[in-house]
Amino acid sequence: MLFNIGIYEKTPWIVELFYNVNLSPSLDSTIVTATKERIVNVKILFDEIKQYIKNGDREKHLQLLRMHPDLCLKIDPATPKDDSSKDVDITKESRQEQGRAGLSTLTPDERTKFHSLNNQYKERFEFPFILAVRNASKYTVLSALEGRVSSSIEEEISCALSQVDKIAWMRLLTKVDYAEGTNGHGGFLTCHVLDTANGSPASGMRIELYRYEDGPEQNGKRTQQRILLKSFVTNSDGRLDGPALRGVEFDVGQYEWQFYVGDYFAKFSMSRLSGTPFLDVVPLRFGLDDPTEHYHVPLLVSPWSYSTYRGS
Amino acid sequence: MLFNIGIYEKTPWIVELFYNVNLSPSLDSTIVTATKERIVNVKILFDEIKQYIKNGDREKHLQLLRMHPDLCLKIDPATPKDDSSKDVDITKESRQEQGRAGLSTLTPDERTKFHSLNNQYKERFEFPFILAVRNASKYTVLSALEGRVSSSIEEEISCALSQVDKIAWMRLLTKVDYAEGTNGHGGFLTCHVLDTANGSPASGMRIELYRYEDGPEQNGKRTQQRILLKSFVTNSDGRLDGPALRGVEFDVGQYEWQFYVGDYFAKFSMSRLSGTPFLDVVPLRFGLDDPTEHYHVPLLVSPWSYSTYRGS
Amino acid sequence: MLFNIGIYEKTPWIVELFYNVNLSPSLDSTIVTATKERIVNVKILFDEIKQYIKNGDREKHLQLLRMHPDLCLKIDPATPKDDSSKDVDITKESRQEQGRAGLSTLTPDERTKFHSLNNQYKERFEFPFILAVRNASKYTVLSALEGRVSSSIEEEISCALSQVDKIAWMRLLTKVDYAEGTNGHGGFLTCHVLDTANGSPASGMRIELYRYEDGPEQNGKRTQQRILLKSFVTNSDGRLDGPALRGVEFDVGQYEWQFYVGDYFAKFSMSRLSGTPFLDVVPLRFGLDDPTEHYHVPLLVSPWSYSTYRGS
Amino acid sequence: MLFNIGIYEKTPWIVELFYNVNLSPSLDSTIVTATKERIVNVKILFDEIKQYIKNGDREKHLQLLRMHPDLCLKIDPATPKDDSSKDVDITKESRQEQGRAGLSTLTPDERTKFHSLNNQYKERFEFPFILAVRNASKYTVLSALEGRVSSSIEEEISCALSQVDKIAWMRLLTKVDYAEGTNGHGGFLTCHVLDTANGSPASGMRIELYRYEDGPEQNGKRTQQRILLKSFVTNSDGRLDGPALRGVEFDVGQYEWQFYVGDYFAKFSMSRLSGTPFLDVVPLRFGLDDPTEHYHVPLLVSPWSYSTYRGS
């Protein structure tokens, strides 16, 4: 049953409260019916659950944050255990996320810096450092620690709660089975190529879509492989005929468009010619994070400039 | 001596004319002196030479274009020789450029299409198809042929002359020794990272610079390797301390910046958090074409969008 | 009857040829039927007509260009008539376009420059200077003359023919009645606002749409007034509910979006606050040129940057 | 003396603390000397002062926020006084800022909405709503109230403290005389135009710079006038020869570049011609907020797209 599972670290009251107020058999049946009509997908469910935290007071906020394990324990098994860290067991969910952190390659200098920042952080804010980035590298963790350690207390509580919400959302998604008859969480990926030199859709442009996947470890370091998923040619409106990814294909991870921009512009007599084009193959690497959303990832391109954005 | 060499395919009169009007010992010495004072670099030299073509009439233009070999002979050794192609020998310069074309992998359908377009082109314009793109793939050639075969006659003469000028410029650069005491052709590469979410330079961002080089051939296909050249961290103004490439390092070819955008933004409490960032490692692949110019290749980036352009 | 009218300056053979080959009663009826099925709108009609010029030879091209009046006669009534200009009468269509040129305010220096460039142009290319810009100012004309006078002969024939085609297209549109039961030429205007700081549509943003119209003349100078046409608020997808302009409202001319960006971002706690926002009211002025097309004119905006483009 | 003045609303301890720790005559003279060497401009001074707030605890934060007057009293004189509002007098500084709010035109519906949101806000957060936007319109205030009223308590304390810091900074600047021998606060404005269709600086483009100033009131409504300050033509690098504004000219306020993009592109033979250019005169309106900073406000433009950003 969904409402037994831990999405907020060792803090079941949040989900329970939602359940008791909206779904419990002890409630008037019209309430339960209204809930079921309202909560038509997992996103709406989560939007309601997380309001209980947002509207909570400082005590509730600090309690929740303090339930999280110290990052040191997660990423550096050599950390000497102190008393405060003993109090917090690491949940199964947290341990699984730890496995992906890829932080086993700290140099001695980096380790010193990391422990120093982490200690400053705990002393200043009195709760552990929390980071909701999947596959964070040591650089990500150090950058986040450095930036956040000098925040004001309220800035940092806000930021840490965002991380907690994000972690809860990611855990929730892994635990929700697709509803019967459906296929994936509803998100999908689309593309569009605009030719900003000619003011028109870029039709007939070849595009490839790759996915980055973990390759074999080399000398203790994580490697990545780029797998070609699909090839496309843009239609007369500069678009693909349908989503590039949808359903179960539309999975969290890192992807890359590869646009054959140089070949496209070769068909025009452009005013300023390049023997080696400034833009030839344009790679555009992006993360799909939320499998319930539409990701529109377009390219606006001239022979001398381009831009992209997360559209919708 | 520079002015003996062939930069325009089998058309020595262009360079000779420049020489006779500006540098010949038979001229008044004040003219030669003025020339030497004016022509301080190879770019100014070439800008003057190519005016002789630009200001030429249609006959001169067609003559020049017809001196070029048929692309078929260059890229498809199996082409049956016809009478018209026999008239034009392929110069040494042209043959060397041919070697890089990488067009040996035409499928039967592509070969048919290619010959058909090429024949249409020759029949319509009565001069051979000319393309000044280094390392053009079969897709580049087919795209250019398809686009240009339906141009008007004047559009296509203009376009073909641009290609001819470009080829001449590339040949000229390979033949000019660096002037004494100098080091390279004077071009250099710079970078700048602007954080458009915060309206400030992006300081402390890690950047890597790669160069693409030919790898070992595999099954008759060209492969490429990406070589790490340098690593940088942006300074407080979001820039590098000095050019990334200059002097002899600043060579024609394909390069790639790799920006560690995700790590950079991890230090802020951004309003909309991604477990898998939309932008994490941002690759930016670009060609350096003209070794005499300044290439400024910046990144303007928020967690959800970015753009780049050839600056100066 | 459409095919009697002059869209190409004193050169009726172009439209006549189309008529004789595709629509003449003397043709086999299957040809005429096929034409009527194929030519479903004025754009397709024009695309076919202009091929006759594109595929024409140099003589046809020069003849057509030489039918056009000298720009001097059009914009500067004080021009002394020479023999060549006498040969070319100014058609009614051309005279009407002249009225809008707004070039009556040349200073003596500008007049000298203008005549000098115009004479160089005619001497170099042996046809008159042609410019298809509506409401061109003296700056536009001088800029175009300066840029084009140093082109090669083929570049300039190409460019001048583009102007001629454009003028023909604009004349054609003024002469085509809307088909029965329709309403305008089919073009329409849409908008979209993306928030690139938050990676989401910008919902709830106020937008105004203005049209620029000629105001009363002041001291012999053209003035413009900005008329508010409509006000909008973006929906949850950052779009308007339907086209902003369509049908007869969608008219050639200059327009301006006004986006209340500062008010929109005031609802967020942005990281770097401005007492006077860098972006508050963002004006975006654009021309609608072709009443048969879809103009998508979006805004991608953070508190510190924005971009726009002609989309579709 | 600078350190007597109120920059933080009725909260002198902040500046006093800085003074006592760094500048008081009772301190060891080496400390005072070090302070004077370190604090070379007003920005560095303020960066140190505001740390006392940032590092303060929740009690200090709430105390400071509660010293501010209720926005209702400032902008709507008809607000019935309640007990809580009586406790907080409005300082002279606050009253002056009030005058500019331009909120006297609330419709009855807007007034109702405004009071309702304001009451919700005070009840939820127990401190008054604070907004540091100069010349905020009623739309700005309503948008900010609506967005922030549903924040978590820590998010809103953070946001309100940013407003307080910003107000303090703006007050500080109005009270600092320029140092002897200097001229203004050191900020300046620059521009750059890149032609992204041709991959080069846009040279020879005309630019005008306007300033928006308050015009005469009309029917009780604020009006604005646009005053032409200067005209420029871009140099061969697409830049202006020196800052557009600096010294005392570089003043807080709203400005507008006007770029004559259409005239610039008229000199090229562009591939897709517009009778009414998509981009002709491009206005770019921006605020100068901080007179100590460099504002680089460039334009990247093709005939069909443009972008801008706050650079440095």
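We just call them A, B, C and D in the order they show up, numbering each chain from 1.
The rule is simple: a contact is a pair of C-beta atoms (placed from the backbone, for glycine too) under 8 Å apart; a residue touches a chain by one contact, two chains touch by 3 or more.
These figures come from a predicted structure and were not determined experimentally.
Chain centres computed from CA atoms place C at the largest separation from chain A. When the CA atoms of chain C are superposed on chain D, the rotation angle comes to 180 degrees, reported as a multiple of 5. Taking each chain's centre as the average of its CA atoms, chain A and chain B sit 39 Å apart. Averaging Cα coordinates per chain places chain B and chain C 33 Å apart.
Residues of chain B in contact with two or more other chains: 151, 155, 158, 194, 196, 199-200, 268-269, 278, 300, 304-305, 307, 309-310. Contact residues of chain D toward chain A in the complex are 53-58, 61, 150-155, 157-158, 161, 194, 196-200, 268-272, 278, 300, 302-305, 307. The touching residues of chain B, counted against chain A in their complex, run 131-137, 139-141, 143-144, 146-148, 151, 155-156, 158-159, 162-163, 165-167, 169-170, 204, 206, 252-254, 260, 262-264, 266-269, 273-283, 285-289, 300, 304-310.
On the side of chain C, the complex with chain A involves touching residues 194, 196, 199-201, 237-238, 300, 307, 309-312.
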